[in-house]
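Naming follows writing order (A, B and C), and every chain is counted from residue 1.
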Amino acid sequence: MDQPVVSLVTDFGHTEYLAAMKVAIWRECPECRVVDFYHDVLHGALLQGAHLLVKAVAEIPDAVHLVVVDPGVGTDRRALVVRTDGLTLVGPDNGILEPVTRGTNDLEVREISFPAEGASPVFHGRDLFSPVAARLARGDDIETIGRKVPSLMALPSYGFDRFGDRVMTRVVHVDVFGNVQTPVPVKAVADLVDSDRNVTVWIAEDAHEARFVRTYGELDLEELGVLISSSGHLEVALREGPAAMLLGSRIGDEIAIDAE
Amino acid sequence: MDQPVVSLVTDFGHTEYLAAMKVAIWRECPECRVVDFYHDVLHGALLQGAHLLVKAVAEIPDAVHLVVVDPGVGTDRRALVVRTDGLTLVGPDNGILEPVTRGTNDLEVREISFPAEGASPVFHGRDLFSPVAARLARGDDIETIGRKVPSLMALPSYGFDRFGDRVMTRVVHVDVFGNVQTPVPVKAVADLVDSDRNVTVWIAEDAHEARFVRTYGELDLEELGVLISSSGHLEVALREGPAAMLLGSRIGDEIAIDAE
Amino acid sequence: MDQPVVSLVTDFGHTEYLAAMKVAIWRECPECRVVDFYHDVLHGALLQGAHLLVKAVAEIPDAVHLVVVDPGVGTDRRALVVRTDGLTLVGPDNGILEPVTRGTNDLEVREISFPAEGASPVFHGRDLFSPVAARLARGDDIETIGRKVPSLMALPSYGFDRFGDRVMTRVVHVDVFGNVQTPVPVKAVADLVDSDRNVTVWIAEDAHEARFVRTYGELDLEELGVLISSSGHLEVALREGPAAMLLGSRIGDEIAIDAE
């Protein structure tokens, strides 16, 4: 975009904490546009936060991406800035930043040494992360933020395995329509999705018959579909209703998609 | 207003899908102001979406109004731009755009032929409607958007009948306070509302005594009132509580208001 | 900040009413930045609204603060502008504006005499308060808004008492994490909070053991903590869960914190 952008993913809801973060950003970077990417991450749900960050980076690669899902605020968990393949990420070192860096090049991780005297030990989102994100967005040199560290914490539960025509993964997000979203990218399953095969969705011990479709309107009412979401990931959906409720599935649950 | 405005009515909530639409708008029109008019339309509720569009047009007639309540996304439902009496509307051709055009002049309907190669079949809000709305807001000629078509789909369930002192209609919105809102404009009932008559509100087979008032504070606690809402439509309300819960009424329900 | 700011606290949610207020602000002051400080005040909850205003003023002292929690809209309750110690507040005279003025100097209260012909009797937020806030933000003289009046309505239930090592107050807010917030400022309890004493939290007749901590991560799971929130007030919290649910406490409930 034509102006500096800070994109936010948090578990704060649209509350006073979000407002405080935006004010902190605008104090450092009045010309910054702030994009409220997603604020309803379940409290402390790193898998979901990581997936929303993957989505946010796909939509706005040119933004500074600030993620505050931070149950360890005020403890000794580190605060990081990550730059990789032109992406800039800011957030706590609890695993949430790692999935989006997979497969990228030139990973640079820095520990924020922002002068945080007077920072509230319960709100680094306002007192530490937001000013840093704003400074990076306005063009400050990343070297002013802190020293290089060798690595960031991984989030191994975010991922998938494919065995033949079976994909095993976890639910990483349930969207506003109740669609069940996975971290499986289209490129990993393109040969399955374009097929006419029957497909079975496994949640816990339960098997649900489903069908590969392009869009919701191709489904009959109450028929379960498997499709590629607007972010390019494998999704399980109903035509006009919450698939998550039908499946009884929650974020973190194991899910398998089996194209016989 | 002094800058181009795009106003949004959706059933996306304040989620990543809304963020993606805004980013798509700002990419085409960085100077556009985006107004989040209403995003909590019940999924696929065309009556409610149509009413929120009526409200939005009344508040910001000079905006481009983009409505995305689109259960038929990716099917053969058409994507439209409508211009009438200086209003500009963008959205799917599923009936949601029609009520606000009633009684207007110089209706022009165009089918969007935006080059949507690569558009996600599940998210025209981002890949088709938002860029079109942004281009119209920044001043692009409507002829560049698509060819004229003769008409748009109607939403006949949005409306009302008056028989003497009785008005029959449907609930089209329940607002954040639980007020029950109808599409009946003040001009159609001004002679009733200004009166001192008793009034009965019928929902299903149930009759509820009520009173015409100007504002909520004139009611006793638990007393049902009928009044003109801030958008100029007939509304049923309690003083400090959700009338919709008291009445057990939902969007789409028939409701009659009888001024004996 | 570098541009005029209007900060909003309402019980409107993120709805069409909020949108209408913003449009009304931008019509008078297109260059105004609007901060959505908090919109989920429980309907008519003056204690909570007053506390969110206290928080908002602490975060953005340089904004015009508009508060619309207004169950008496359209009745004879007055509409006020308050200026004190450089703060500017706009809202109804129902008590909600008073707590934040305590201890300030040079209190000036004016009754808004904005020409409100045609104003909806059910929506002064849009038709009266927003235009006034916008005009003050853009620099209009406060004398153009209305005449001085001697005082504003008080909210005596907002406050606390300290008896020795016991603090008695009320719950004024439950935040998005379920943390139970009080109006007790850190300076009134600093000697208690920094100690190693046991602490008991009383809600109704129930005593709950707790511990003073600096941040959530110092607590064990399910252990109740008492700490200083990011706004500098006494708060009761769990490490990863809603303390309000554990305590069964709601806004307005009496709460006592006893450091033996």
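One rule holds in what follows: a contact is a pair of C-beta atoms (placed from the backbone, for glycine too) under 8 Å apart; a residue touches a chain by one contact, two chains touch by 3 or more.
The structure displayed is predicted, hence computed values, not measured ones.
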Statement: Comparing which residue numbers subunit B and subunit C contribute to their contact, where sharing over half means same and under half means different, the two sides are different
Cα superposition of subunit A on its sequence copy subunit B - rotation in ° rounded to nearest 5: 120
Field: CA centroid of subunit B to CA centroid of subunit C, Å
entry: 32
- request: For subunit C, jot down the residues that touch at least 2 other chains.
  value: 14
Query: Quick one: in the complex, what on subunit A touches subunit B?
result: 1-3, 7, 14, 33, 35-40, 52, 55-56, 59-60, 175-177, 214-218, 227-230, 239-240
Residue numbers on subunit C that touch subunit B, as the complex places them: 11-20, 22-23, 26-27, 30, 43-44, 71-75, 120-123, 126
